[in-house]
Structures are given as structure tokens and as C-alpha cells.
């Protein structure tokens, strides 16, 4: 197989980036809160500068940003010889994806009817990062087996599909999904798994599909930044005040519970009770995924703990039993186990959201509270919580369909023999797309020799 | 010794997590600012959403969160073969500890007398993280020598003791301790040192008690995140406005001064003037510990520098002279040197706090200022700064007693032969509790061979 | 050469830190917003606590702080045997530099005429970090070739020069430079390059001037934290509200575009289309540098993309063609390639700023907007945007002159044979100034042996 991407990769990067510039020139402008006229307008109504949405959301945005680039990037560095690809391609596709997401989401959500322009602000940046997250989840399934050009194509279609399904779920169906259990995780995971299924490699060489000691420690950087900042992820676009506050608390608690059950199952699964780093790196995060939809609801602290408790168990069991099963019988090779970390917890999150919404009562929320949390305004004014539960379930189905359907279609495209992907016996190897430095082993002898001399001398 | 924890570890994780869910169900609810009714109430008194405590404290909370999980976790990865245990068990006990802390601290501090429930919000989360910090400090003393089950037990008792001593120091004695020099660091360090003393291993094998090049670089990740975010740690629960502002400035300055004196002493202590990574990784942080209590007082910028200056010297000298002394003569094996990083600077912090409080004058603080900073309200209305100084000193003593006494008691429990701890010749070794990947050295030959072929071909 | 710094390094650290304490004692006090009287004053005018500048800027400050210590520190860990020096000396000189910067910048900018004291707050801390950034950039040029004492001297003079040129550019010339393209990057880079030119080593041993696999991954930690937090860097000291908001958006977009063109050029430049980690680690950041000056202007989203697009190309081409050329013909050895990452993009940023300012119109900004953005107040009330463009260009020239001139002068000082710098054949080697642990290779055989036995037994 020809893995030379010297023409295709630069071409794709240049042309698509130029397209972005042109489209941004036509469509994208600052919104009212980032435009220079805001200050004046503020003075007129004697509003404080601190009420700019920037101060409500920017700290959360930066946390989300860290999750996207360091969190996802380093989580995937666990392979012994694919750390460059993990963290480097992650940066590449996220940087492209967020631009395309600003456009796609803008056309659907924030097109100003007055001048036909998309108005962006800090919330748009968070949403673009969210959209990119779904593509990075999908990358986890095909990690080490695709070329950077294929990843760019995957991202182009992934962002497009995301924007459409998000519009259907949030606007047409009117489901709520603050932390994106359905919109981001369920969609992204099934999108990636379907592509991986389409690109099945029966003779995949597993020699490099594993970790070394230090690559596992690098991966823990990713795990921890995802784990720590997940409360910001789930609360980033919740409504101001108690909405953001509550979403952060729920996520914080759910993740804590997940850690304990993950450790329990991981230890139970081994003869000597030893822990498996793969579980600690991944399953400890499942609680954050599963509490996404319901994070801003009155889930109650113990509710969050229960969600986290269950997800730690299910996700770890998934790594132990389901991943090998899927590879052997369903022909789905899932490098990072995104089925256990994103797909199953995402679906659980959607179900928890539906149940919690359906069970919402005026006793707990108050009349105004129901309106605020579930956005029962405009044409949804007379909606009941039980109905909302149904709409939530419908939203989950849409996410599933878009993920699986879109993944199969894009998988077809990616099977074309023009993308420069790796041969079966050179997967998981940075050598193909990176200038890799000579190995560490060739240096120490000289160094040690020097040390001896110096030690003797000094 | 039997180090199999396949029954005990899962049992402890499951049962304790279930207990948490039940206790949370009975006791824990959202506080007013994270409850859905806040929005409505806000409208009624036309208060801005931005005045939710969330926006005052959440950025600091996230910084503290990073210190707990990445800071403490990676600081302890310096051992050549205990990085999994360092970062993994750190995550485990912190995730458990914060739940238990929410309950314990809640019963003492935020039990609502109306309905008997604990009401939690962002400040509770910060306090829970603080409480966990004291247990992670204790972990530093016994790093590599205890089993994960022992760590869980240590954390259970540590959090309990912490909540009691915190209540005594802050509420009964009415000492102030914004950054927890006494409550967190002094207590946590002596708790850990006493446990380590109780678990003394005369025949400890030191073969793996050291670093390799890259493990030292990993540890610097921990050091830097602790160093950078310490201003947030010390200001996280200070009072709104100038309190948080001043605490951040004082800590920023103190830490800067510590770095220079640490480097100076480290260089002086070696024949060739070379620096020791252990000092840079640890002693550079001592200034943050020592400025904790007085951070929100009018310590003055030069005061902060003086505190940092002294602590860099004392902490580094501790590593050079005291740690070997304590191991040889006092039978205290202190893996991370927490005596130098937390115990001594913590005590200094308590003393600095007492002096600064006693020296506080209406000239500097103003009448209202004294009231705000030292909380001279309610039954403490007529308290004088000099009295407050005495109370601060009393608080320090309580922290010391709880640390030493509690550590000895818990040490007795941990000496029971049922916890699966490591034999003396296998300490500091991840092999005991983790599935460790095969070593890096077994791969490169194949890789290099491939490269040669490819290079010749391409 | 004698590289023993056992006298000089501790002496410099002690004496300078003592000097800082004395100068801080004489000069530095809390400003109004971090002083204890703020609370009372607040009550009097019924202003909310949240309007303390702390809440506007502290989250950005912490992000900048991470860039300085983890960002710059880890970016330079790419060398195979200089990671201790990279991250350790970075911490040392930044910790010293920020104290000296508070004084120098304070004397120029925030000396209170009433009492002759410098009043510091969160903005001073950000500015001190900014000032330090310019010295860390300069460190990049001489990485691995100078002693820690030389670095301290470099920082002392660097901060001093910075404070003067900053005062000239921002106050006397009245140029705007929110993200410091001119003041920080252009100055810092040419300062470092000139020093490197003065310290040219014709016989430099390149054996250790390269990376190994894991050191490249460590460097990516630095890259990513710089990349992610650059929006905070460029918006940290912009004016409240839309100013900060817009600066963040512009930087976010510019950096995204840079990634794509960097990847394109990097791939194009290699026979097999493989990517070079040096480019990904560095050139992807060029867009953040170049958008610094104009970040708070109405650059428009597509304008930011264009800036990023160009800088990715120019910076990567610089690494491929210019760095070798400069070393061979201009005798400038630039270890980190700061000419490509900071110097050229910095100059471009200055030019972009001049053009954007000159092109500013009342149609886009509004009358009030022009006043706010370009600070056309006081004696600059009648200034026109076109004039402002000229002033911007003048500011760029001043930064260049100070960088080159200052660097040559300081380079002369650093050529004195008293600083303990490395001999030509031991550059890029931590052995000289650090106690380096024995190599990893000496451990595994024992470990593996143990494993075999244990596996057979268990």
C-alpha cells in the first residue's frame, strides 16, 4: 500500500483552509457581546461589564478546550508507538473541525435574519468544541489504522452530520442535552464504530497495539484532565446561575462514584486482583458521559452517584467482555474502546435524561423552574414533563440513527483506495506519517561512558 | 506476604460506595444557589445571575481540582516503577474521600436545621477537595509501602479526623485558616508521618526507591500545576472581593521567593554545585504552604516574600539533613519527604498566621476590615487581634495533636495483617497491584529492523 | 571550562532575592482592589463584590501563568537530555523575573504619586508574567548552551529593558499591543537571537541536540497548553467586556488556521510527506503571536484566519530554510527556532496591527468604539486612526531596536569567562548542572527476572 500523503494531505489542508477563509468572510461576524458597540450600549442601559456572557462562560470554555486538545489527545497516547499520531492528528482535526463547526452550527442556530450573517461569541466557541469532540470520539475507534487524510474526511462529514442531528434533536424535537450524552457521545461513538466496521482489517497486526510503561503514564494526563474538567463540560452551556452550578455538582459526584466501581470491577476481573490501566484510563470517565443530559436537571446528588456507580460497572465490564466479543464476532475493531466509554454511557445518559425529565414535577421544580430548565417557552409552552420524556427518548434514537447511518456512508467513502492508509502490518506505527527520532537506546551507552569518566574525574 | 487484594479491594469499593449513595440519599441536597428555585428568587430581588457564588469560586475550584488530581498525582510519579500507583491510587482515594468529606464536613458545617439536610454548593466542593488534600499529603509519606485497601482505610479515618479537627479549629477556637496551613498541611503531614512511623520497615529494599530521567520529568508536571495553582488554593474560600484578590497575590509572591532560595540551598549542598531534582520538585512549593493561614491577612507583599524566602531554605535543608536523620534515628520512612514540604512549612504557616493576626491593627485594617478579615461577628464581636493571635496558636496545637494522635491510632489499625501490603523487598513496585505492560526494551529491535528496511526501500 | 556554579548560583539567588525583599518593603503595596478597605468602600457605593477586577481577570491570569511555567517549560523539554534544564531553569528565571518585573513595571506604570508606592493587583501579576515571557522566549535561543547564572543575568537585564521599551511603546508612542506581538515577542526574540549571536560556538557538538520519542511527547504538553491558553494571553489585559471577548475569539481562530497550514508545509517539505514534530510543536503557535497586537481590534473572524494562515506557512518555512541558513551564514544558533515562532510572527503581528489600526473607521467602530479601543483620551483625544497606524509602526521599530541592541550589550556581559557555561562538547546536557539519576536501562533486567518468577509462582 502507498502511504505517501505528500500530495493529498497538503492539498486537503490548503484548500479546505482557504475555503474556510472565504466562507468566514461571507458569513461570520462578531455577535453583540463581542462587538465593539457593546460597550456603548452597556453604558446606555447602565449594565455592568461583568454581565457580558464572556464572564459567565469563558472559564468553562477554557476547561472544555483543554479536554478537547490535551484530554482527548493524551488519552490516546497510550499506544507504545503512536503517541505522535494521537496527539498530533488530534490537534489537526480539531483545529479544522472547529472552524467548520462554527459555520455549520451557525447556519442552523445563529443566522441573523437581518443581514444573513452568523454571529459568534463565546458560546459558539464552546459549541464548536463540543461538535469537534464527537469527531475525536470517533477517531478513538480507528486510532492507528487510518491516514491523516482519512481523518480530515471523517471530520468534514462528522461535523456536517453533527450539526444536522443537533438541530433535529435540540430544535425540532426539543430535547434537552446540556452535556451532550446523546448529541455528542452517542452520535460520535456510533459514527466511529460504524466506520471502524466498514474498515475492518481481518489480518491486523497487533504487535504495536499495546502500551509501554511511560505511554500509560502519558495517557493518564489525558484521563485526568478529562476527569477534572468534565464538570465544566456539562455545565458550559447550561443556563446562567443555578443551571451551571447544579450541572457542575452533578458531574463532580457522578465521576467520583465511577472511579470506585471501576476499580472494583477491574480488580475483580484479574486472577491476582491487579488493576488494569486500560480500565482506569477510560472507565473512570463513564460517569461524566452518562450524567450529561440530566446534569442541569434536579437529578439530586444521590441520583448522580447512582448513575456513576452503574456506569463504572458497565463500562469496565464492556472492556473485559464486550470489546473482544465485538472484534471477534461483529468485526468491529475499536482501538480505544469507545463503545465502553462513550457509546454505552451515552445511551444510558439519554435514558436517564428521559426518565428524569418525565419524572419532573412542579413540586420539585416549581412552575417557573420547569419553564427554565426544560425551556417550555414559545410554541412549547404547554408541554408537560411526561411529554418531554418522550421527546428525550426520540432524541436518543435520532442520535443513534445518525451515528450508525452516517458512519456507514462515510465508511464507504473511506474505503476508496486513494487515502494512503496503513497496510495491515504497519498499523499503530508513527513511522508511516511522522519523522520519528532515532531510539533512546542508541544514546545511553555514550552518556554512561561520559558519566563514568566524569565521576572518576570529579 | 499475600498481596492479593482481589476480595478486599472490590469489597471495600463497592460497600463504601453503596454506603455513600444511601447517606447522600438521606442527607445531601442542593443549596439555595444550585437549586432550581434560585432563578425565580433572583428575579424577585432583581439580582444579577452573575452574583451566584458559582461565578466567584468556580474558576478557583477547578484550579484546586487540578492540584488534587494532577498536582498530587503526578508529583508522586517520580519513582521509577510506581507511577501507576502514584497517579492511580491518588485518583481512587481522592474520589472516595471527597464524597465522605461532603458528608462529614456537611454534618459539622452546613446542616440545615429546618430539614436536617446538608446543603451543598461550589464552596462545599472546594472544602471537600481541601479535606482530601490532607489525606493525599499523608499518602506521600507511605507511598509505595501500602496496599490500596490500606489507603482507603487511611482516607476514611483521615477525612473523619479532618472534619472534627477543622470544626474545632475554625468554629470552636475561631482560628482563621484560608489556605489550610494548619488544618490541611500540618494535620495531613503529621497524620501521614505517624502512620509511617507505626508501619516502620527495618529491612526496606531501596532498589526501586529512586527516579529515572523521565519519571523526574513526569513529577515536574505535578510540581508545576501545584506551584501555578496555589494562589487559587489559598484564595478559593477567602471572602469575596479583596479577600480572594489579596490571598492570590500573597501566595504568588511567596512561591516566587521560595524558588530562588531552594535553588540556592540545593546548589550549595552538592560538591559540584549541581541541583537536585528532589528539591526542585518539592521545596519550591513550601512557600505556598507557609503562606496559607495568613494569605488573606494584610501580610504585605514583602511579608509574603520573607515567608517564601525562609521556607525555601528550611524545606531544602530538611531534605538534605532531616529526612535521613528521621529515617535512621526516629524510624520514620518518609517516601516523598512530606515533613519538609508540608509539616514544617505548615507549622511555620500557623505561626506566621498567629503573629500576623496578633499584630493586626485598626490603623492597617480599619474597623470594618478587622471585622471582615477575622470574622469578629456574633459571639466573637468583642475579640481583639491579640486574642485572635492566641486562638491561632491554639488552632495549630489542635492540628498537631489530631495529626499525631490520629496517625498513631490509624497506624495500629493498618498494622493488622489483613490488608495485603507489600513485602519489604517489593515496595515501590507497580507489579504488585497493577498489570504492567512488557518493557519498552523488548520492542525497539524489531522496530529498528523495520526502519532499516524501510529506509533502504524508500 | 569550569562549570561549577556552587558559589555563583547560590550567591546570585540569595543576594537578588534579598534585594527583592528590601525593594518590595520600600515600594510595593496592595492596590485599592486587593486592599482590605475595598469592601467597605464597596458597601458605601453599593457596588457588587463581583466587580472587583479580580473576577474579570483572574481566570485569564491563571491561564497565562500555565503558559509561562508549563507552556514554555515543557515546550523546551524536547531535547533528549536537557529536560531538567528546560523545565527547571524556566521555573527559576520566571520566578525571579516576575518579582523584578513587578518593580520595574511598577515604577513606570503604577507608581502612586501620593505616597510613592507601587500598587499591585491582578493586572500587575499578568503584566509581570508577560514581561517574563519575553525572557523565556530569549531562553529558547540559547537553550542548552548557557549556565543558570547566565540565565539569571539575562533575565535581570531582559526585564529591565522590557520595562523601558514597554513604557516607550505603550505610553510615549501610544501604540496598542494587547497580546504583545511587538512588546513581548519581537523584543524577546531579537533579544535572545542577538545574545545567541554574541555567544556563537563554532565547534558546537550536536550529538545531544535532538529529541527522543518520549521527549517529543513531553514537548507536546508545552505546545498544547500554549496553544489552548493563547486566547487568554491575548485577552488578559484587554478592556473589560467586548474587548476581552473579541480578543479571545480572534486568537482562537487564528491559531486554528495556523495548524492546517503548518501541517501542509511540513508534509510538503519531506520526500515521503511525513510530518516533522519540530514544526507541529512550534509553528502551530505562530498564529497566536501574530494576532497579538490586533486581537482586540475589529480584525473580523476571517481576518484572524488569514493571519493564522500566513503565519503557519512562514513559520514552517522558517524552520526548513531559515534556521539552517542563519546558523551557517549568520552565526546565529537558535536551539528552539524562536526566530520562526516569535520573531517573524511578532513582526507580522506588529504590521497587521498597524494596518488594522490605520484602516479603522467610524463606520465599523462607532465614535465611542474608536475612543475605547484605541484609547483616544486625554492628550490623544484628537488622534486619527491613520496616525495611530503610524504610531503602531513606530512601536514595532522600538521593539526591534531594544531587542537587538539590548541583546548585543547583554551578550557582551555574558561572554565574560566567569559564568560557568558549558564547554562546546557538553552542551545540551543536564549532567552539568543537575544530579541525573542512573539510566533506566540498568533496571529492567532485574525487574523482568522478578516478573518471570512471580508469574511462574502465581
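So that you can tell them apart, the chains are marked A, B and C in the order they are listed, and the count of residues begins at 1 in each.
Here is the rule we use: contacts are C-beta pairs under 8 Å (C-beta built on N, C-alpha and C of every residue); 3 or more make two chains touch, one makes a residue touch a chain.
Keep in mind it's a predicted model, so treat the numbers as computed, not measured.
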Exercise. If you connect every pair of chains that touch, what shape comes out? Choose line, ring, star, complete or other.
Key: complete
Quiz item: By how many degrees does chain A turn when fitted onto chain B using C-alpha atoms, rounded in steps of 5?
Solution: 120
Practice problem: Averaging only over C-alpha atoms, locate the centres of chain A and chain C and give their separation in whole Å. | Solution: 31
Practice problem: For chain C, write out the residues touching at least two other chains, lowest number first. | Solution: 48, 50, 55, 59, 81, 214, 221, 271-272, 436, 439, 441
Quiz item: In their shared complex, at which residues does chain C touch chain A?
Solution: 48, 50-51, 55-56, 59-60, 63, 80-81, 207-208, 210-214, 216-217, 220-221, 224-225, 227-229, 231-232, 239-246, 248-249, 252-253, 255-261, 263-265, 267-268, 270-277, 280, 284, 298, 300-302, 305-306, 309, 364-366, 368-369, 372-373, 431, 436, 439, 441, 458
Self-check item: Residues of chain A defined as touching chain C within the complex
Solution: 4-7, 9-10, 13-14, 16-18, 20-21, 24-25, 28-30, 33-40, 42, 48-50, 52-55, 58-59, 62, 65-66, 69-70, 73-74, 77, 81, 83-84, 87-88, 91-92, 95-96, 98-99, 120-122, 125, 148, 214, 218, 221, 271-272, 432-441, 443-444, 446-448, 450-451, 454
